[in-house]
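After the structure tokens below, expect a handful of questions from me.
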Amino acid sequence: MNILLLNPNTSVSITDRLTHVAQAIAAPGTRIAGLTAPRGVPYISGRAESQIAGAVLLEMMADYPEPYDAAIVAAFGDPGLAAARELFDVPVIGMAEAAMLTACMLGERFAIVTFAASLGDWYRDCVAASGLLPRLAGIRFSAEPFSSIERVASEREDALVELCVAAVEQDGADVILLGGAPLAGLAARIASRVPVPLVEQVHAALLQAETLVRLGVRKATAGSFARPAAKPTLGLSPRLAVRIEHQDV
Amino acid sequence: MNILLLNPNTSVSITDRLTHVAQAIAAPGTRIAGLTAPRGVPYISGRAESQIAGAVLLEMMADYPEPYDAAIVAAFGDPGLAAARELFDVPVIGMAEAAMLTACMLGERFAIVTFAASLGDWYRDCVAASGLLPRLAGIRFSAEPFSSIERVASEREDALVELCVAAVEQDGADVILLGGAPLAGLAARIASRVPVPLVEQVHAALLQAETLVRLGVRKATAGSFARPAAKPTLGLSPRLAVRIEHQDV
Amino acid sequence: MNILLLNPNTSVSITDRLTHVAQAIAAPGTRIAGLTAPRGVPYISGRAESQIAGAVLLEMMADYPEPYDAAIVAAFGDPGLAAARELFDVPVIGMAEAAMLTACMLGERFAIVTFAASLGDWYRDCVAASGLLPRLAGIRFSAEPFSSIERVASEREDALVELCVAAVEQDGADVILLGGAPLAGLAARIASRVPVPLVEQVHAALLQAETLVRLGVRKATAGSFARPAAKPTLGLSPRLAVRIEHQDV
Amino acid sequence: MNILLLNPNTSVSITDRLTHVAQAIAAPGTRIAGLTAPRGVPYISGRAESQIAGAVLLEMMADYPEPYDAAIVAAFGDPGLAAARELFDVPVIGMAEAAMLTACMLGERFAIVTFAASLGDWYRDCVAASGLLPRLAGIRFSAEPFSSIERVASEREDALVELCVAAVEQDGADVILLGGAPLAGLAARIASRVPVPLVEQVHAALLQAETLVRLGVRKATAGSFARPAAKPTLGLSPRLAVRIEHQDV
Amino acid sequence: MNILLLNPNTSVSITDRLTHVAQAIAAPGTRIAGLTAPRGVPYISGRAESQIAGAVLLEMMADYPEPYDAAIVAAFGDPGLAAARELFDVPVIGMAEAAMLTACMLGERFAIVTFAASLGDWYRDCVAASGLLPRLAGIRFSAEPFSSIERVASEREDALVELCVAAVEQDGADVILLGGAPLAGLAARIASRVPVPLVEQVHAALLQAETLVRLGVRKATAGSFARPAAKPTLGLSPRLAVRIEHQDV
Amino acid sequence: MNILLLNPNTSVSITDRLTHVAQAIAAPGTRIAGLTAPRGVPYISGRAESQIAGAVLLEMMADYPEPYDAAIVAAFGDPGLAAARELFDVPVIGMAEAAMLTACMLGERFAIVTFAASLGDWYRDCVAASGLLPRLAGIRFSAEPFSSIERVASEREDALVELCVAAVEQDGADVILLGGAPLAGLAARIASRVPVPLVEQVHAALLQAETLVRLGVRKATAGSFARPAAKPTLGLSPRLAVRIEHQDV
């Protein structure tokens, strides 16, 4: 199957890392196409940037020239997830949503550990939107600075392990998610130092994408995730306009 | 004071109606500038269109050349509301949020009455996002067709009154909101036929905008609605880039 | 318009302060009549005192000899609010409710800061009654003594600022309400020392009262806030009896 | 033990019926003193009447000249319950609360069946205040008229049975409460016609009062149900003033 | 009346203590038969042990040769409670559920204090299952070791008192439950050292059992607690098979 | 990988069907061992049967002589799921939980459609236990009889399709789960007649089992899903006793 891994921020190095981590766990027949947002910011950390990135994500999906079987929103706060799920015909997976739902099969309450306060605030909105706040043990973040988002995972590794342990001992977490694309791949490195299951966000997203494709579910033609009725558009990117105007039918 | 009324869809006639209804209740010193989205769809009715419209709304706020004291997101589902509130320094009011919070001061449970099923689904998300689902008596909509969004309020007036009455008698609504920009101004016309208070969405938004300006509250410099830290951007509209990159400081 | 500001406790000095703070923000045509409870306690701090004060408040509204357009329950826990809203024809605003709903337009989660533990407990009931607990970041109070309720705002000012800052930094508050009539007017004095918006409770109440009057909503004749059917009464204050017995119709 | 059964409305015939039904199930050593409100309305059916009745209830408890071991608020919406529980030293039982909590030991979800729409609205507030909305299957009421509250139970008996059956079959109720003092004693008469357990509100209240007395729990001296600190009062009934001013210590 | 006190763990000494504490508060005509689980573990402290113990409890109820009027599940996490309530005709009381519901009549929020971390986790599930999480102030436990479950109450008495006080002062508890069968009888010993009401779990269970029997409610024949339809069984204990197969009808 | 498919009821034909449906979607290297409960009832439809079946399930897992990588609780109400997840080292998947969490990635609200009222009641408990009630659009069931559980899927196929359509049109479902082991395999047959995605429960369970195994997460050694401390046991099945007593360490 062909899976689109959509990095809604503009950092190609992050896209490369996400694709690499995803490929490592993919089934033999799964091909992953990693795409980087053509517009936006190098890393997304709040509501405004997420609003913009979510709209760009729709363009990225509309613009992709080849057929694909599923798409992954590869930023932990899942910008544009519900919009993409409504507008397009293939399953769309959010990296945060996939990690949270997977965590729910490993324990009663999960914690999210990340590397910046602003991410913690945004991620909390994301948990709330999914209705999973009752399953959230807490969100912990490292407040100290780092030299670059490419290096934050290695530079702050010990601090992140300490936050994981605190989430278990003080917040009652049964499972932990490391949130934020720059932490992709970290779970495997620190799993032995954390006493509860760690869900690798990229792995969860890729595996859930494969799951939905293998399930073979159809696109809704009724209900709130049916494709919206055709509408005229003004000034949108050409392929996105085609999709909204139903010129592809 | 100067208030920006931002219509995040592309229908100038709707902007004109919204501005007209708002001006009718504004205080003597309030000047309302009605703006129409330069890109998007003529009316927004779902998650995908809202995702796009919310991003355009940020551009509209960034691009406006004159100073203003508050901004109104003048579409009932409030696209881009939290994003705008985070990114900009002035108070930002959502038409749906303002109507719902105002309704909470008039009774225990409110209902939303609108003119299309797809709107009902989207509005429910909007109520959920505000945490006000426990105060929602129900959402009712007219499923029958209409000739144009400009005329839906007059063509479907009797059906909408019947839905209001049903919301009171069958759903236990204490207050009713007529949702959707095309219904702007309808509340006054049908108020005498509905046995509970009707909150006019445009009036609620304008009055709450005046309220927040008169309160004189400051922009947060901490917490999750502080302005995000400066970041480089790529390919965004020039004035929005200036705002995100803090070149305006 | 004419607005009744009802202080449900017996402290005339508090009524004067509340009226003074309200007048400062009122629109040119707004006349505020400040009334002090003829019976009760000098300040209300719990469920029992609130039960009594709420009943006295109904008498105060019934007894007032002039017409008025709206009434404000000017104690932060809103004693008698729902009862008054049901029984009388004009909009009734609660100082706590108005402050909370206004705060919801300025951020995701609000904190309440007050000056006594017993108030914190009572205010929590009040937030719960409004259904807004999911929006509450926390309630913090100063546990140290003060010489009088008239002076508590000035004597404990520094401590209250510290509580506000702690609510932001430790509880994740985006907005703060200073709760309790003796803190009326304090928000303006300390706003520059608190890094998030501070909602002045009296201003919020007055502005929301003006909002509801300007909206021009009707009294419900159906639903749970319709005026109760006429009933005989025994031993109630004469004007309240008139209202309950529908002798004023 | 001595139990005060406080009817917060002014109908002596209702007090007599409540006392009679309670006495029928009381333990040998339990003496019940039935008191009728000296002020108020003949039956309470909403927020305003409940606000007044709750304040009168505090006076009734303060005024009672003999010692007693517990008090029952004998109106289904429990006017003044939390206030009385806070102010006085003995356990205070609400008839609605006792019936709901007892029902929770007999099934997962309970329904309330009553005889007037206005009661249904008020009772819903009461369920919400207890935090038990997730356990509520629904509230059903008979909308047809009746000649007097003394006779409503017999006149509407068949209709009430039908509502009970509908609550089971359509709302998923596992247990049913007949709510409203005029329905006291009805449960026993119709139990054989309803296919799930019926909780008699008066029996539940009396038995829970005995339970709390036999438990021998102390009055809180800390927490939100500790007796409020002494305060001066103005114009209150003499014995209530004594209690609030701590002149009884 | 005859009440079965079912200890679902295998410790006869615990059964004896529970029966002794229950008997001390029982009404004159109440006979308590204390039964110890014939299979299982000496004390239950988690989900797996509770799953097993709940199934054994059903066998104990089915096997008991004499008629009885009610049964108590005498382990604080209430293993098998809903199952027993569904399968058998008599009222079934859970020790934790009875204590929690009783506590709800004594204050707004209760805390649970216990003697081991693993119990705290299990008890939280139990509160959640009852829908009472909004009434839970917190769960506190002593993490230090003890020589045996028989002696834990006396050995850790001072530490448990400190936890109770902390639950009041730091968590806002209005009432406290001492959870866990090995703490049976402790409440009376430490009540004077804790500033809020302490609910003795065994007393609450016994008194609520008497309450349900005296109420005289019928077994549901509809709804989700009606006896399940007859089914063939394989390999179950003989009397339990009889019950499930309806051979007792 | 080796996956244990545990049918906690005694119907071998159902086990065969479940295994067959699971095998059809399994990855090339996945071996499925289908086991039938040695004790219990032929189909589980309520709390009591689930309590018993969940305990038997623990024995089945303990008794299985070969190593395995994950286990599936193959009854829609997930009897014993949390217990098994706590006691054993491998991931344990519940068929209902897996289907619900998978559905959450396909829409906002899911409905459950099943073939008997008693299942609907039990399944609702199951949704509640997972914290997903806010995502539940409703549960619909066919109340009419059928000749055998083996044939219910084919005999009631048209009725089940109608229930699915009603769940979409009247309850607002975005996704539908067909619940109950006897409906295994039905989703593929009726998918074209239902306008929203249908999640096949067995496929969801198998795919999620593969997902958790491929994720490679560790067993918790802390938190509430750590293996319980060793304890003596009495009268349990030998291999289960070994597991609880830690004789396998």
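Here the chain labels run A, B, C, D, E and F in written order, and each chain numbers its own residues starting at 1.
Keep this in mind: contacts are C-beta pairs under 8 Å (C-beta built on N, C-alpha and C of every residue); 3 or more make two chains touch, one makes a residue touch a chain.
The shown structure was predicted, so the numbers you read here are calculated from the model rather than taken from an experiment.
**Q** If you tally contacting C-beta pairs, which comes out ahead, D-E or E-F? Let me know.
**A** When the contacts at E-F and D-E are counted, D-E has more.
**Q** Among the chains, which is located farthest from chain E on the basis of C-alpha centroids?
**A** B
**Q** If you average the CA atoms of chain B and of chain C, how many Å lie between those two points?
**A** The mean C-alpha positions of chain B and chain C differ by 27 Å.
**Q** Just the number, please: Cα centre separation of chain C and chain E in whole Å.
**A** For chain C versus chain E, the centre distance works out to 44 Å.
**Q** When the C-alpha atoms of chain B and chain E are each averaged to a single point, how far apart are the two points in Å?
**A** 52
**Q** In chain A, what residues contact two or more other chains?
**A** 82, 85, 108, 121, 125, 134, 172, 223-224
**Q** List the residues on chain C that touch chain B in their complex, please.
**A** For chain C paired with chain B, touching residues are 25, 27, 82, 85, 91, 93, 97-98, 101-102, 104-109, 130-132, 134-135, 168-169, 172-175, 191-192, 195-200, 203-204, 207-208, 210-212, 214-215, 217-226.
**Q** Can you list the chain B residues touching chain A in their complex?
**A** Against chain A, chain B makes touches at 10, 38-43, 45-52, 54-56, 58, 80, 82-87, 118, 121-122, 125, 129, 223-224, 228-229, 231-236, 240, 244.
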